[in-house]
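Each of the next two complexes has chain A plus one other chain: chain B in the first, chain C in the second.
Coming up: the complex of A and B.
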């Protein structure tokens, strides 16, 4: 899978692309940890834009959970957005969409984290 | 001194010249390398000077320097030639060997014809052959030594790997052994299960738990990830659930308590999806709760498929205070229930298509009316046929429960 990172004023946006499975999870986790730490301290918020994410396995779900916890500890707002139906189903089934901030699109996610930060 | 001890073997004591020969010619090391470089340098210098001497306008001092150089070369070569004879174990063999003759030819003209035999000095180039041969020899010896060291290290690695593999095999056997091999004997009910790990150790598990008053607990679970960490977490989760199942009648309460226990002992931040149901054999009532697991399918005797998709709770081990609502379904004679992990629905073929719930439902609907063992076989066979040669990426586990008239 490919992972792009965009640094915006309000948030760092992580954009994974492809399949987030057992093999891809460790690299994804490292990239998100780097984004959470930030070059000059933690960002205000981290958003994972899942528009290009085709599949998430249980090992991939774990990364979202670990990230949510780490963000909470670092007082960084955290949100996901733009889940494809197949990925959304995994989040619903596992109960993750009830405990994580899952938004329809990036605009909604940015609005959510800026509201949470203020 | 005992009479049987052998006398010490006669030892050859090297004289100073022999020691010098040994140091400069035989034993590999800095002295031998330096001496060899000196010889090569002198060969090149003396051959190059042949041409220089032909220059007619060469000043007198240059001619004298070249003559001096030739004398030095002859002295060093003669010294080396004598040392080689000293170092050789079979001296005549050396003298009449190719390199022995070349060495001799490179100095002999001087002694026979004096300094004028300059063109014969070109013969010295032949001596470079010896140096090249020697270097090839050293290179070969170095390669052989490195190969030997590498082979030794490889053998050690293989040994270590074999040990790890053997230990993993034992761990896997233990893991398989804690899973029930047979469904508890219950009038009218039959069950079968299959677990196919993707790696040696598996993060999936299923369980049949015999509860009070003849009730039976059925579990299907999937730990995030694979391998040893997932297997450990699986063992902890299974033990906790069995413990809670003995104390709490409602499946939802069992999951809630198991979840709390797992959250308290979860250093790796793993989690487990878990479906847990309790069967009341006399009435056929099945009560269930779901912690983020794929909902099971119920095949009615008429062939229709129902999904046990009552609202569930979060996966277990993620957050401590989660509630898991209880649901209830009435089984009837002839019904089949399949519990499975996503290793089945997410099994991919070489075109990267997933087996999916539709194929599972279709297979279950078409061939789900047999004995549980044959239904399990049929589904596994269908998944394997779909995946073809594509590698199995996730653990596959399923159980089938049947209620037929006793």
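Coming up: the complex of A and C.
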């Protein structure tokens, strides 16, 4: 899995690409932890843009859950966006779409986290 | 009816090999790419569940996967000779729990039950066998 990290004024955006399975989960978790810690302290918000994410298993879901809790403790707003249908289905069936902020696209996610931060 | 089998040691290191096995079958049978994810997830979750249920001392359990393509569905059967355990006996996680209450594990089997049309466990006393079927629209 490829992971890109974009630093915006309002948020750090993590962009995973490919498959988030058991093998990819540990590295993904490390990268998100780094994004959450920030180079100069935690960012206001972390958004995970899932537009390029083709597959997620329970090992991947676990990373999202652990990250959401870490963000909550650090008072960092956290949102996901742009889930493909197969990924969205896994989030819906596990009930994760109800406990995490899952937005349609990046614009909606940025609006959500800026609202949560103000 | 198209059928394919493979057999690997019960070790998480072999997960990529199993995924490749599924993906190659999918491509060879020209199945719709958009419908592959639930089957891959079922294979990953059940295989890892077996791996996590451990290896008895002095034993080298193996996992056998068979794919059977029916007219309008795919059946995955996963057989192992590890400790006897029925994954369908696990209670479902509380999907209405809040962020703080959610346990971090226990999602895998629940997802498989939801994603597949039919899931059946059987044991002959020495093996676990889980058969999962889901419709494919083509």
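Rule of thumb we're sticking to: the second predicted complex is superposed on the first by the 118 of 118 C-alpha atoms of A that agree within 3 Å, B and C clash if a C-alpha of one lies under 4 Å from a C-alpha of the other, contacts with A are read in each partner's own complex, and residues count from 1 in each chain.
Keep this in mind: a residue touches a chain if its C-beta (ideal position, glycine included) is under 8 Å from a C-beta of that chain, and two chains touch if they have at least 3 such contacts.
Owing to the predicted nature of the structure, the values given are computational and were not obtained by experimental measurement.
After superposition onto chain A, the modelled positions of chain B and chain C overlap sterically.
Of the two partner chains placed by superposition, A:35 touches none, neither chain B nor chain C. Number of chain A residues touched is higher for C, counting chain B against chain C.
Residue contacts after overlaying the shared chain place A:46 against neither chain B nor chain C.
Applying the stated contact rule after C-alpha superposition, one finds that A:58 touches each of chain B and chain C. In the superposed model, A:93 makes contact with both chain B and chain C. With both structures placed on the common chain, the touch criterion links A:72 to chain C but leaves chain B unconnected.
Residues 21-22, 55, 57-59, 61-62, 65-66, 69, 93-95, 98-99 of chain A are contacted both by chain B in one complex and by chain C in the other. Those residues of chain B that touch chain A in the shared complex are 203, 222-226, 269-271, 273, 291-295, 312-315, 318-319, 322, 342, 346, 393-394. The touching residues of chain A, counted against chain C in their complex, run 21-23, 54-55, 57-59, 61-62, 65-66, 68-69, 72, 85-87, 89-90, 93-95, 98-100.
Across the interface of their complex, chain B is touched by residues 21-22, 25, 55, 57-59, 61-62, 65-66, 69, 93-96, 98-99 of chain A.
Contact residues of chain C toward chain A in the complex are 12, 15-16, 19, 34, 37-38, 40-41, 44-45, 48, 93-100, 102, 104-105, 107-108, 110-111, 114-115.
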